[in-house]
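Going by the order they are written in, the chains are A, B, C and D; count residues from 1 in each one.
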Amino acid sequence: MTFPAPLTGVVPPVCTPLTPDREVDVPSLLRLVEHLVEGGVHGLFVLGSTSEAAFLTDRQRRLVVETVVGHIGAQLPVLAGAIDMTTPRVLDHVTAVTAAGAQAVVVTAPFYARTHPSEIVHHYRRIAAASPVPVIAYDIPVAVHTKLPAELVLGLAADGVLAGLKDSSGDLAAFREVVTGARAHAGFSVLTGSELTVDSALALGADGAVPGLANVDPHGYVRLYRLCRAGDWEAARSEQERLCALFGMVGVGDPARMGTSSSAIGAFKAALHLRGIIDCAVTAEPQVPLSGDEVAKVGKFLAGAGLL
Amino acid sequence: MTFPAPLTGVVPPVCTPLTPDREVDVPSLLRLVEHLVEGGVHGLFVLGSTSEAAFLTDRQRRLVVETVVGHIGAQLPVLAGAIDMTTPRVLDHVTAVTAAGAQAVVVTAPFYARTHPSEIVHHYRRIAAASPVPVIAYDIPVAVHTKLPAELVLGLAADGVLAGLKDSSGDLAAFREVVTGARAHAGFSVLTGSELTVDSALALGADGAVPGLANVDPHGYVRLYRLCRAGDWEAARSEQERLCALFGMVGVGDPARMGTSSSAIGAFKAALHLRGIIDCAVTAEPQVPLSGDEVAKVGKFLAGAGLL
Amino acid sequence: MTFPAPLTGVVPPVCTPLTPDREVDVPSLLRLVEHLVEGGVHGLFVLGSTSEAAFLTDRQRRLVVETVVGHIGAQLPVLAGAIDMTTPRVLDHVTAVTAAGAQAVVVTAPFYARTHPSEIVHHYRRIAAASPVPVIAYDIPVAVHTKLPAELVLGLAADGVLAGLKDSSGDLAAFREVVTGARAHAGFSVLTGSELTVDSALALGADGAVPGLANVDPHGYVRLYRLCRAGDWEAARSEQERLCALFGMVGVGDPARMGTSSSAIGAFKAALHLRGIIDCAVTAEPQVPLSGDEVAKVGKFLAGAGLL
Amino acid sequence: MTFPAPLTGVVPPVCTPLTPDREVDVPSLLRLVEHLVEGGVHGLFVLGSTSEAAFLTDRQRRLVVETVVGHIGAQLPVLAGAIDMTTPRVLDHVTAVTAAGAQAVVVTAPFYARTHPSEIVHHYRRIAAASPVPVIAYDIPVAVHTKLPAELVLGLAADGVLAGLKDSSGDLAAFREVVTGARAHAGFSVLTGSELTVDSALALGADGAVPGLANVDPHGYVRLYRLCRAGDWEAARSEQERLCALFGMVGVGDPARMGTSSSAIGAFKAALHLRGIIDCAVTAEPQVPLSGDEVAKVGKFLAGAGLL
């Protein structure tokens, strides 16, 4: 399939179900993909942060892409994260995920190494030059400790280096600057990574959303997307607020016992397990599992949103 | 060889010379190792931050360890970094570098994923359980954005999980807490990663140092170590101050044009090239090369320290 | 006058014009107030960050409040910042600004001293207990290095401690949590401090906005507010985008020569001077003045927005 | 008295004892000053961070300086903090504390307002030009969120703007750069604010120390200073380690209930109360008081150090 330019709609970052001994659970992954397709999503993003890409070995990453691409075929565009510290290591992942069939790669700024805007620019240029598929920038300061400046992204869009931006920065004002500026660059896709302000992002002109919570409730996000596209902002706000309440599940984990990643990804997986979509809610190491009480709270969030 | 417990002395994080097309330059790497051995160092740390481990592909990392271990044999202990984001990925590196002959592994806290002290503890426990060689914790907040708390390190030392600490945090007060506390744990090695306060660290009881600048001037750091061990603090201070002046080279790169990693590693490699030890001063991508003027400034630092 | 509950509409943080020798320029301040009133604003916020409250002496702060309140009478509500490091010092400012006639006080979390959520709660409780007028929380992490958690704000709203929130955090998702939660607390006012996402904030239910740029173009922000209230989101977006372009003026200052405060407040004052509203564009020390070229760029932003 | 150039020795940041209703407890303050003088200290620093300057009203600050200067006369140099956000406000404090008799002022970088190195330089130049007494820079990034660069401090030392540096940054390598560079500027005083590495700082050439814990054990720090000056580094290390163990008291406060300031200053005041020096251990608002159990732990630290 031709990769859409611009990519639009709801593109969930697909969770990676694991077996109790922490191997990729292929049947559960396929059921999750079916659940998302049935929910009406417009694309699939594998190996993102919500997919626990940072925790998967190279072998597991490859298996995830092959599994999803092999199953979905040309039905939906499949984007894959190529998450690593620096240019040479990212290039190896680009080779691996495109060989496995990914139709676009999603790449962060360098991390671990201290970096500089001119180095970030060079990073994206080198990767785009080597990649057989479009490159989408992934702005996620909470993970890489750098914010991609709007003018940097727009400069690379103008030069055809980047095909889009997935913005998980939470900074809507900077996001707006990219959305507005990108109107000059036909085909460039601006996607929000937020679960909580999808209506706001679409209202100001975003092309779509990549919400982790769409694993749990794809129908809700697709409904929200359609309401926004139809200009029914009142109904959109109401649907968004229902999803905001559901998102409260990411806080069930005791902060004295675990980090926010353990809590949020643990909650998404517990919800998928409670909804009968995946077999096992385990997360990758060194993340801490939710307790029984915490899982019960996830169930209450599902019930409150009409999903149980 | 048996890995020393505790490891003591000067253990440089070995730079990784590259060819102009950014492959590992094996002959230059061997000359650099010879230069360090001749300088009297007490061990070699490959695949650390100064080694550009974050920039090397898995294939390159393996080649570095094989080259250095193959050459040095049982002459000196060789430690290898297993630098990656999370437990499963670090475990793969531990397997690779120990298969290639590394006698200890050096491991940071998880990064990219948001983390929690209990998750860091679990991370080190899992890695130590799986590693055939001693595990040394690598505290480098500037890269991983977490500081290893002293009590966490001491707890893992008490349980025999960790064999040592390489502290690149720059926080001497916290370092002292580990040094003092570690006296209860025979064989635990506390090493400073600082170039600039080696005399201070040794005076308060550290076992050794892992200074990146020792690539350029191993004789100086070995001399400094011996003066400290002999209790000749006046002469030690004088040698340390000479090395501090030499370290000024890390600032030659224009901050409007490059990050601190490009400048510092670029300067070390330029110095090694000017001293005739490596063939090419190129750094890995996306780092920015030093200009001719900036390299000339490196030369002045070398001349000022009596090294040219 | 009775202070409105909730406060709604456009409430500019009023710039503090200074004379060339950096005294409060009372005639210019009165002209600025007239300009804002004529623009249709719904209240005035003096001694905020845009007012350079951090730079004004106690004597100057008092003069500002007396001047504005004395002029405006009961025409519009006047809020005053009580910006200082800790509870006892803030209490002194509350006494001073309410004696001078302020009808509400705006208070940040403690700063300089390291703080804790329980201490922030105690801070607001003590201040509200002592204040003769309503207390509005001021969430400005870029200045105080703490983000007010939504649940903390909502807890204090529920207890009647806080009468509102001015949110300058830039985090629209957290802002939404307060807006949604505050529906349970009649009379509580949720105001955005952003210049760039006023339409988004109002669309999700905010009561009003406190945009620094409204000094320069009050008519624009009042128009934007009315369009949002009328549900004309297309026209609102267009007006907001015009104001976003105008806001570009805050970046005219050379970052090699000055900080963002010098540049942004310098630009607002230069614009007010170019529009003939204030006599002198000088900012308080140690801020750096804009160059002639930089002021010329401010003029181009004004021209581009149809304001010159 | 002439202010010493350079100032050397142990210069405690004097705690500010409060009454139960949080007024300055003058008799306790005088007893504390006597305790410090009797301990052999070389100067007194009032209105520093450990003095809770950030929490004291202007009236209370004046009372502290008048009380201490009135009592101590020309016996010892008295330095006073002039802690506020920006140049005009700091200048008011400089006027107040020098009118009350302070012989030097201690001034941080601007805070709350975002700042830039050129603005920090201008800040110190303006203050020094207006101050009738020497100005000492106070580097405390944990409070003001800016680190004073070594070259900035040395440039202002060279120009005679600054008379010294109190470094509470915890960055010994940067501190060393100032110490080494300041040898060219006779009379410039470089003081460490650390409690835990005083021996290290003196060994590399510092002039003295400003340790908050010296309120509790002035004799210990004076002994440590003398041992360092005598070059008896073994005995110095032993004394320093005793003081490090005593400093553990700053961690008695439950981090789930209070911030580090409440815990550390609370512990110092509890220790002074337990030692019979001050009447009441209360801290300023919004700090949280230590519980009875936490105070008991302070007592154990005192007993362990031979002070009860």
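To be clear about the criterion, a contact is a pair of C-beta atoms (placed from the backbone, for glycine too) under 8 Å apart; a residue touches a chain by one contact, two chains touch by 3 or more.
Nothing here was measured: the structure is a model prediction, and the numbers come from that model.
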item: Third chains touching both chain C and chain A; value: none
item: Centroid-based (C-alpha) most distant chain relative to chain C; value: B
item: Whole-Å gap between the CA centroids of chain C and chain D; value: 35
item: Cα-centroid distance, chain B relative to chain C, in whole angstrom; value: 49
item: Set of chain B residues in contact with two or more other chains; value: none
item: All pairs of touching chains, each written as two labels joined by a dash; value: A-B, A-C, B-D, C-D
item: Interface residues, chain B side, partner chain A - complex; value: 22, 49, 54-58, 60, 83, 85-89, 92, 110-116, 118-120, 122-123, 126, 142-145, 257-262, 284-288
item: Contacting residues of chain D [partner chain B, same complex]; value: 170-173, 176-177, 180, 194-197, 199-200, 203-205, 231, 233, 237, 240-241, 244
